[in-house]
Each structure stands twice: as C-alpha cells, then as structure tokens.
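As structure tokens, here come the structures.
Two complexes are shown next, each including chain A; its partner changes from chain B in the first to chain C in the second.
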Partner chain A sequence: MLPLLVVIGIVTWLSIGTDEFARPGNLSNLLAQAMPLLIASIGQMFVIVVAGLDLSVGSVISFSTAILALDAPGYLTFPALFMLAALIGATNGIAVTRLNVHPIIATLAMQYVVLGVTRLIRPVSGGTVPEFVIASVQGSFLGVPMPVFWAITVLAIGWKVLHASRFGLHLFAIGGGMASGQTSAARNFGVPETRIIISAYVASSLFAALAGVFLAGRIVSGDPNVGMLFELNSITAVALGGTQLSGGVGSLQGTAIGAFLLALLSNGMNLANVSPFIQTVVKGGLLLAVVSFQRRRKMGL
Partner chain B sequence: MTTVLRAAGRIPPAYLVFAALLAFLMWERPQMMNPNVLGIFLRQVAPLGIVVLAQLLVVRVGSIDLSGGGVILLVNYIISANVLPNAPGIAFVAIALGIGTVVGAFNGYMVARRRVSAVIVTLAVSIILVGFVQYLSSGSPPGDVPDYMNDLFDIRFGPVPAPVLFWVILTTCLAAFLNLTVFGRRIEAIGDNSVAAHFAGVPVERTVILTHTLAGLLIGVAALVQTASIAVGSVREGLDLPILSVAATILGGVVFGRGQGGVWGPFFGVLSFALLFVSMTILGVSEPGRLIAQGLIIFAAAVIYGLRTR
Partner chain C sequence: MSTIIEMRGISKSFGPVAALSNVDFRLEPGSIHALMGENGAGKSTLMKILAGVLRPTSGEILLAGKPLSLSSPRDGLDAGISVVFQEQSLLANLTVAENMFLGREPRTRWGGIDYPTMRAKTREALAQLDLDFDPDRQVAELGIAERQFLEIAHGIHANARVMILDEPTAALNAADVDVLNRNIRRLASEGCAIVYVSHRLEEIFELCDTVTVLKDGALVGTRPVSEMNTASLIAMMVGRELSDMFPPRADETGAPMLGIEDMVLQPGAAALNLTVNAGEIVALAGLEGQGQSAIARALVGLHVPVSGHIHLKGQTVPLPLPRESGLLKMHAAGLGFVPEDRKEEGLLLNLSVAQNIALGRFAGVPAVAPASGTRAVVQRMMDAMNIKAAGPRARVGSLSGGNQQKVLFGRALAAEMDVLVIEEPTRGVDVGAKAEIYGLLRDFTAAGGAVLVLSREALELIGLADRIYVIHDNAIAGEIAATEATEHKLLDMALSGGKAENA
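Presenting the complex of A and B:
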C-alpha cells in the first residue's frame, strides 16, 4: 500500500512542482518509459514467487533487440527470438530443478553467455528493426498511443496466468512451501513442481524478450547494452510491490505499482536534471532499503 | 573401484581444468613454457586471486560478495584522481583497507542481522559505488596512479613477480588462519549447517558479520594490487572480478556452505583462469567469446557440484 501512496505523492509533487510533468506528451512518454520495466518485472515476478531469481533478463532484452535488428525478414526473426528466449528460460529452469544449481548462479552464468552471443551478432548498436514492430510501439490506434494497449495486454496476461489459473496457484503453492522451509511441501500435495518451476523461468525469459521487442520499437535499432541493469531494476520493482523474495507472497498490482514508481522516479529525476549516474545510485539505495525491510528466515544468498 | 571413482569425484574441477589447459598450452606453444613468461601471466591474475580469497571466505558461510567491483573502482578513483595531492603511500593503503572493511562490515550486517539476500545487498552496494565513482569522474578515466605503485608491481624475485609472491603468501596465511583458529572452525561449522552450529554455541550472526568484514578487508587489498597493475585511473577495469572470483571459487571446489576445496582449490581455479585467458588470446577468441566461455565455465562448475551435492 505504501508504494501506491508514494506514487500518488510523487505525481502530485511533480505536477505542481514542474510545468513539464503533467503535459500529455510527458505522460505518454512516461508510460512508454515504464513499459519495458513493467513487462520485465512481470516476468521476474514469476520466478520470484517460486523463490528463484532471474539475473539473465537484462541480457535477454539486449539479445532480442539484436535478433530483431538482424538483416532478415521480420516474420522470421520475430518468432525465432521468442523460441530462443524460451530455450534460454528452459535451460535456466532445468539447471535449477533437475541439475540442482542455485538460481542466482545459473542465471548469472546465462547472463554472461547471452551477453556474449549478443555482442557477437551485434557488437555496437545499429541495424534496422522490422516496420511492424516500430508501428506497434510508436503508432497509435483510435487516437490512443500504442503503449496503452501494450500495458493493458501484458497486465491482462499476467493477471490471468498468476491470479486466475491453476498454474498461478501452483506457483504460489511452491513458493509458500519454500518460504516456510519445506522444500517439497507442494510436491507432496501432487503439484508437478519441476515442470511448474521450469515454466516460470520460461515465462520470465519470454516476458524479457517481449520487453526487448518494445525497446527495439522505441530505439528503432539493436543495442547490445540496452538491457543493462534491467535485472536489478526489475527485482527492485517486484520487491517494491510487496512480493517477498523468499517466495510465495506477492501480487501483480503490486509489481505494476513498483514498476511505475521506478519509472516515475527516473522521469522525475530526468526532469530535475539529475545525472544518470546519481540515478543509478538512488535506485541501488532504493533496492537496498526495500529488501532490508523484508524479513527472511534464512541467512545467506 | 567405486572408492577410487568416488575419490576422483571429490577432486575440485579446478585441478582437472588446470591440467587440461596446461597440457593444451604445452602442446600448442611449448616456447611459452618458461618461468619468466608464466610469471607475467600469473601476475595479471594476482588481483583476481586476492578477490577469490575474500570470496571463498563468504562462500564458505553460505553467502556471496559481489560488491568488489564498486570497492575497486572507488579505491582506484581516490588514488588516481589526485583527490589527496602529495599523500604518502601509506595513506592510500589505509584508505583502501578502510573502505573495504566498512563495505564488508555493512554487507555482513545486512546479510547476518537483517537477513537480506546476500546477492541483492552486495550487487546494490556495488552499483551504488560504481554510480558514485562515475558521477565523480563524469564517466571518464580520472588520471594517473603514482609511479611507485607500478614500480612495486614490477619487482621480481628471480622469475617470481612480487604480486604473485604476495598473493601466495596471503593464501598461505589464510589457509593457516582457517585451519588453526577457532574462528576458522566456526566458519566451517556454519557452512556445514548453520542451525546446528547455532545450537552448538557458535555465535552465527557475529561470525558471518566478521567473515564479511574480513572479506571486505581482502577486497581492499585486491583493489590496491589491481590499481598498481593497471597503473592508470579507470572506471571500468576490475568490474568483472567479483563474478570471476565466484567462478574460480566454485571451480576450486568450494560450494555454498561446503569447503572441500580448501583454500588451494580456488587458488588453482584462479591459475586455470590465467591459463584460460592465455589460451583464448592464442586462439584469437574475441571479447564476446570470452564472455561466453566464462559463462559456460561457471555453469559447468555449478552443474558438477549441483549434481554431486544433491
């Protein structure tokens, strides 16, 4: 609840304090800025609910912009990038479940591999993105800018999967068991734990790829560094929204509010001409503050 | 037969990787196998070697420290940006060790007392420090490092460069410290089972805080060696040391909470990385290829241990 109040507070303060903030131009800009983070955070939330963590989302985002900017027709690159993202997520998930690797180590290693591949196919930013991707991000439909439709769509999908499906229920069941220290609680009740956790990592990668598509539409090119720090920002957004990093507790609306709060913070600091380096410092401090108020049972990673 | 296999399975992967890479280099570039050339290769990984000492300490108590990148950049900035004109060398040493210790103690407090995820805390600390340094230096390299630091770095004793000797001595000291002191035993007890350690009377929180503080101190030392090795101010060099150190530590057989590899397993993990860098240079592998190789090695080492500790 507190983050929502903070969001309302910042919005009022910015709209009174600065002339630029409340203009429609800045508001739609704000939504477009918040979108990639919102999409990536929804994906991140899937794995956090099952007490995991996905540190590879940042490089998956860069990777998907690089794939889209390849010199190939869009009807090939677009499906290919989602298939590759699913493969990345499945590898993460299999490593975590079947091979018993700690999620942080598995996804950190994956971050390196994907970043390396991204730099191989696109060493510096450039290339052109298929026309339909650009149109779907920068265009407008019935006078409403496209990012609004993106927001409605991803929130609807996220809501359906997390809060209105058997899969979502199982996610929370697995995470709740892990948070209370009984790693096989959900499995004992017949939840197909391995399959669900692998699917959570696949979902995270797919959402990251979608965030990459949105970003590619905005910057109209491929960029090997565009996803940098997205893994940390998405974790911050999810944690800000009240989702427990130990698993089992969380809500989609919280994550959405967390993502918008972070985007608002960036927007406000940009309007106030705060150096981008200081913005990183502020976000890092925010992450530190949020997680230090989440009490866990377990010590360590 | 099975006991032999089981014993072979307990050998940290680092030794095998090291042997394989050494064989490869001997076969591919026999002329490089002389002490002077090898000394130069080893000198390059001395900063990494010291970060690994810090890493294996915290990994042994089931934690992790990724804040090293930020500490290294901050120390490098203070030394190279002429913040303290005409300061004596000892002042820089004190500052580096001080920064490392304070950051380590903060990490320890957050991990042990507030029970925050160690990855999140140390990553956040790192990006805060990096952002701060980049703000101070406006994103460009600050300046030059005093000459005497680089001169110290270039000293050799026969074929052995001073930084390598320093690293070996530090590793020996740490091995003795972990084996001979009560504190070392406590670290081992917590790594095996922190709940059992707690009920056996080990002050778990205090030991974890102290372990992180000690690791911070070692990272301060590594920051000095790293600064001496690159000899210029930089806002980029050294950022990947923490994650490489995690890889070398796992490769050396120290998995979260278990210390089968001791101190020398990770030591050989670092040596493997030294040879790996050389091999990749010989094979003409580009920077992206290196990233991929590093990722795959971390992954493979983690999978080997994941399957073994199931």
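Presenting the complex of A and C:
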C-alpha cells in the first residue's frame, strides 16, 4: 500500500501546490509519459516473477523504433518487429533454461547484441514511422486521447495473463519454488518449467517491443538511444510495486502503481522546477525506502 | 487380494555407497503396510523410488502386474502413487486451492482458470478429511499439521491407489494423530494401499496389518503384524553382531573437558546435564529429530536453547550463545564443530583441499594476521589422515566421500582444538574409510582431547563411544556405558523415552 499512498500524496500536493498539474493537458501528457514504462514494466514483471531479470528491455525498445522507421511499408515492419522481439525473448529464455546462463548475464549479452544491431540499422535518430502508429498514439477516439485506450488494453492483457490464466499461475508456482529453495517443486507438480520460463522471456520482449511502438508514435522517428535505461527503470517500477526479486510474489496493480509513481515523480518535479539531477537522487532514495518498508512474502501489495 | 505394487530386486547406490540392495516389496489394496528399520536402513530411499523421486540402480516396479517406469514424481502421481514426505513439497506462496490443482487446473470456457470449481472441489476434498479451512488461504499461513493434511488431501484428490506416509505423525499432536489415523483407515477401507513409515511402535500395532523391516539397505522380512510383538519386532530390526572395525576404548579418562549444565532446548523441555571427560568419546543416541542435533548445535550457537550453561575446560559460558559469533568464539576457546552435511554446511567444494583445511586455523587470530606455516600444516594433516587426493591443490569436490570427511576433520584438527563436537562422522563414507575415521578420533582422545559425537547408526555409537546418552523428546532419557549397550537396549530406551529400565 505504501507506493499507492505516496502516489496519492504526490497527486494531492501537486494539485494544490501547482496550477499546471491538474489541467487535462498535463494529465494526458502524464499518461503518455508513463505509458512506455508501464508497458515495459508489465513485461519485466513476467520475468521477475520466475526469479529472472531482463536487461535487454531497453535495447529491444530502441530496436523496435528503428525497425518501424525503416524505409519499408508498415504492414511489413509492424509484424516483423514483433516476430524479431519474440525471437530475442526466446533466445534469452533458452540461454537461461537450457544453457544455464544466469539471467543477468544472458540478458546483458542480449542487450549488447541488440544495441549493436540497432545502431547498424539506424546510427542516429531519424526516419519516419508509419502513419497508423502515429495516429494510434497521438490521436483520440470519441474525444478520449489514445493513451487511455493503450493503458486499458495493456492492463487488461497483463491481468488476464498474470492473474487469470494457467500460465500466470505456473509463473508464480515456479517463482515460489525458486524463492524457497525447492527448485523442482513446481516441476514435481507437473508444471512444464522450461517452456513457461522461456515464454516469460518472450512475453517480456514482446511487451518491450510494444513499448517501442508507443515511443515511436510519440517521437515520430526511429532512435537508437530512446530505450536507454528502460531496463533499469522497469525493474525499479516492478520492485516499487512490491514484486519480490526472489520470485513468486507480486501483482499487476503493484507494478502499474510503481510505473505511474516514477512517471508522476518526474512530471511533478519538472513542474516544480526541480533539477533532473536531484530527481535521480530522489528516485533512488524512494526505491530504497519503499522496498525496505514493504512486508515480505505477501502476495500483491 | 491381488497385489497392486510389486517392487522386485530394487538396488540403489549413491556413488560407492549402497543404500539399498536387492529389496522386494509388495503392496495389497486395502492394506496398511508398516515399513520399519533403523535410521539409515533405506526406508526413505525405497519410498522415494516408489514415488518416482529417485530411480533405482537396478530392479523393477510392477503396477497391477504391468512394468512401471517412473522418471518423475509426476509419473508417480499419474500412476496413482502419492506421497506425503517429511519435508514439505507444497508451494508456500500459492493458496490451498492452487496447490491442490497445480498442474491440472480446471479451465473456464475462455481458457482462464476456473477458480470457483477449484475452490469447491478443494473444500470437498478437505471435507473428506473432516477439515474445514479456506481454500483461498496462502499455504505459508498454514501450520505443519494443516500442511500435512493438505498433502494427504492432494493425494486423495489425485485418486491415489497407493499412499505413502513418511513419518506422518512426527510433527503432529495427539488430536491431529487421531484425525489422521481415522482417515488412514477410511482410505484403506476404500481400497487404497497405504505404506506407513514410522518409528512409533504403538502406532504400528494399532494401525497396520503388515510390516516390512529393512536393515542396512537389505530386506529382513515381511510379516503380518498379528504375528509380531514389540520384542520380536525390535529383534527383527536389530539382529546383527558388532563388527571389529572399532579401535579399543580408553582405559581411563581424565578431568572433565566439556560440561552442559541445565540446558533447556525448548520451552517446556526438561533441563539436561552431561559431561565429557578428557580422553573420552561420548555419544548422543536416539531417534531422529529428538534433540540430539539441537544439543550439539547449541554448543556453537547454531541452535538457540532457552537457558543453560556450558563448562569448557573450567571456563563457564552462558547459553544461548550469540548466533552470529558463537561458532567463532567457541572455536577460539578450543571447541570445534564438524557439521553433519559436509557438502552443504562443511566444505567449500569448489576450493582446494589446502584451503579447506587452512580455514580452521584462523579462529581467534586477528583477521589481518599473516597466515604463515599453512603449507606445512596442510601437508601434515594430509599425511596423518592419509587423505587420498591429487595434492593439496585438488578440488575437494573431486574427492571421495571418505576423503572429504577426512578433510573436514583435518580442518578441526589443524585448528588444534581440545574438544570436538561431531555430527554423523561417517555419513556416506565407505567401510574402509569408516575404520580410519574411528581410529583418528581415538588418536585425538588418546592425546587428551574429548569428543561428543552423534550418529543415526546405533552400531557406530556403541562401537566408537565410551559412554552413550539416549535423547528422547529434547531431554536425556538415559545414560549407558558403551560396553553394556546393545542396539536393542538403545532402541528400547529411545522408543520408550526412558520409561523402561536404564540398564
């Protein structure tokens, strides 16, 4: 509950303390700022629940903006980038499960590889992204800005997969076994461990690709550096939301709150004219404080 | 009655150590079959093979006459073989219902998990056991008894035809035992074959109809319980002569080296007192989990007793010791501890023999003091103990069990301790190395040291020790000179908790 209280506190303070915050324009801007992190964090959470980490998220985000900005029709680049992202995720998952590489090393290696490929495709930012991507991010429907629909959709998908499906239950089962040292407990129940873990990494990459699509729609071009630090920020958001890095414990609403908290923090401090360097300090302090005060071993928040 | 399970000629060895050799075991539907034997006789290994956790080195399992190949516990469960092990196998972060259905969850039309059905069926299965707890509770919140019942309910729900209960009453109170026994009888009357592993004789006579006894990994026999009585059952479990692998005992002992005064292991347990003299090997005997290991660990701060004192070479140390620094403090004072599980708790398997031995030398020495003379000490230990390794730089993990155990002793000896507290000195060690280790311990006491040892093997304790304390329910049930002790007497004392005469 702590992060939620912090969110409410910041919102109240900003609404009273500044004129700009509560304006519809700023709120819609805030949602759009939060969206790529929210999407990437939901993906990151799949991997963290099975006691893994995905450091390739940032590179995959940059990579998908670069693919979308290629000089090719959108009906080709759009499906292609998701197929490539799935391939990246599957490689991560196979390295972790079959080759027994530590998740940090496996995904760190992938981060370098994908970053290199992205810079080959698009050394500096530029190009244009397909019109339908821009419209789906910057437009509005029935007077409601598109990011609202994005938020509803990704949260619905995340909820369905994590908390209302067999796959989700198996993720928690595997992570719970790992966290308590019974590494084969889930397998003994008949949970197809390897397949589920690989799928978690694929899901993480697909969500990162989706975050890349959203960012491409916002910046209207491809950028090899746009995804930088998303891997660490998404881990921060997941951890703020109460998900245990040892696996098996966490909730989607927690991750959503964590992602919004981070976005809110930078939006609010920008409005309050706080230097970006101080913002980083505050972010780190907040992460440490929130995680130390969280109660352990409970599901959700 | 037709046989449901037949295990034929089952053998299992872990490396060079044979845990089971050529064991036959048959189960009939509707029968409650007791499996007995001393600690380490191979009961758990046999049951793990039947459950699919371990694979036999040789032998075959027939299910209703057809060969059965088990490569995972899942295969066992699918074949209708369900186990409640002593160690828990539930996932604590999931709910009761999720644990019941994990791996075969009911689905809704849209592919999601059908939680209402899961809850209802979980309630149903628990109701069959006369239990009523919320299917949405997290398993982490359940007590030990509740978890055990949940595992049984899990087996019932999987339509188990064979249910293995490995010491199910060890952690239960009398009321829970009644509930459990009622359910076991009901399951049997419904045609389930039940294997009941227990040390409690009264339970065997009350509940079971057939008993199979194992000894040292071999089958002693299978008899109807109605033909047996307590004496004949104990005789079946013991029945062996002392072998002559033990060195001669000490003629005389010196002054007290280690004393325990009024140690209370757990709230409500009786205070216990014992002494170990110079030149003496004293053993703690008893059934598993009665407190022997807690006594040993309390001496180095790895178990937190309620109260008491230690007397070490005339020096008095109050208990409990600090958890963080207790071990180091006692090391510095001259008391060394050799833990039971050398792989998990004792050795650093990836480091060399030399590093593992040298680790012991630095208790009581400032952390930045120069480490001189290590090479000579290591070489002396390796020669004295006849450690067979490629050299001091060989990785400990590459050594045989016996040599690993010697390295562990070498660490304690290199530190020049006066008192050694040793858990399971020869676990997973072959016969030749056992004799060598016994000899080393005697050499240590002959030079004026004192040893407190505990072991699951009664024979080892009788042969090795000078005096034996029998521990029951966190208290001393009796003390006996090793020359007067027999396996029969020890088992009797351990089972009856000191109510029988202390010979």
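Keep in mind that, in the parts below, the second predicted complex is superposed on the first by the 280 of 301 C-alpha atoms of A that agree within 3 Å, B and C clash if a C-alpha of one lies under 4 Å from a C-alpha of the other, contacts with A are read in each partner's own complex, and residues count from 1 in each chain.
Here is the rule we use: a residue touches a chain if its C-beta (ideal position, glycine included) is under 8 Å from a C-beta of that chain, and two chains touch if they have at least 3 such contacts.
This is a predicted model, so every value here is computed, not measured.
Residue contacts after overlaying the shared chain place A:S140 against neither chain B nor chain C. In the superposition on chain A, contact of A:T12 is made with neither chain B nor chain C.
Look at A:T153: by the touch rule set out above, it reaches neither chain B nor chain C. When the two structures are aligned on the shared chain, A:L229 is found in touch with chain B, with no touch to chain C. Applying the stated contact rule after C-alpha superposition, one finds that A:V191 touches chain C and leaves chain B untouched. By the touch criterion stated above, A:V113 is placed in contact with chain B alone, chain C being left untouched. Taking chain A as the reference, the larger set of touched residues comes from B, when chain B and chain C are compared. Residue contacts after overlaying the shared chain place A:V249 against chain C, while chain B stays out of touching range. When both complexes are overlaid on chain A, the residue A:A179 reaches chain C alone and has no touch with chain B.
Shared contact residues of chain A with chain B and chain C: 297, 299. The touching residues of chain B, when paired with chain A in their complex, are 61-64, 110-112, 114-121, 123-125, 127-128, 130-132, 134-135, 139, 194, 204-205, 208, 243, 246, 250, 256-257, 286-296, 298-299, 302-303, 306-307, 309-310. By the touch criterion given at the top, residues 53, 95, 99-102, 104-106, 108-120, 123, 229, 232, 235, 245, 275, 277-281, 283-285, 287-288, 291-292, 294-301 of chain A touch chain B in their complex. Remark: chain C residues 72-74, 77, 89-94, 98, 102-105, 107, 111-113, 138, 140 touch chain A in the complex. Considering their complex, residues 160, 164-166, 169-170, 172-173, 175-177, 179-180, 182, 185-191, 248-249, 297, 299 of chain A touch chain C.
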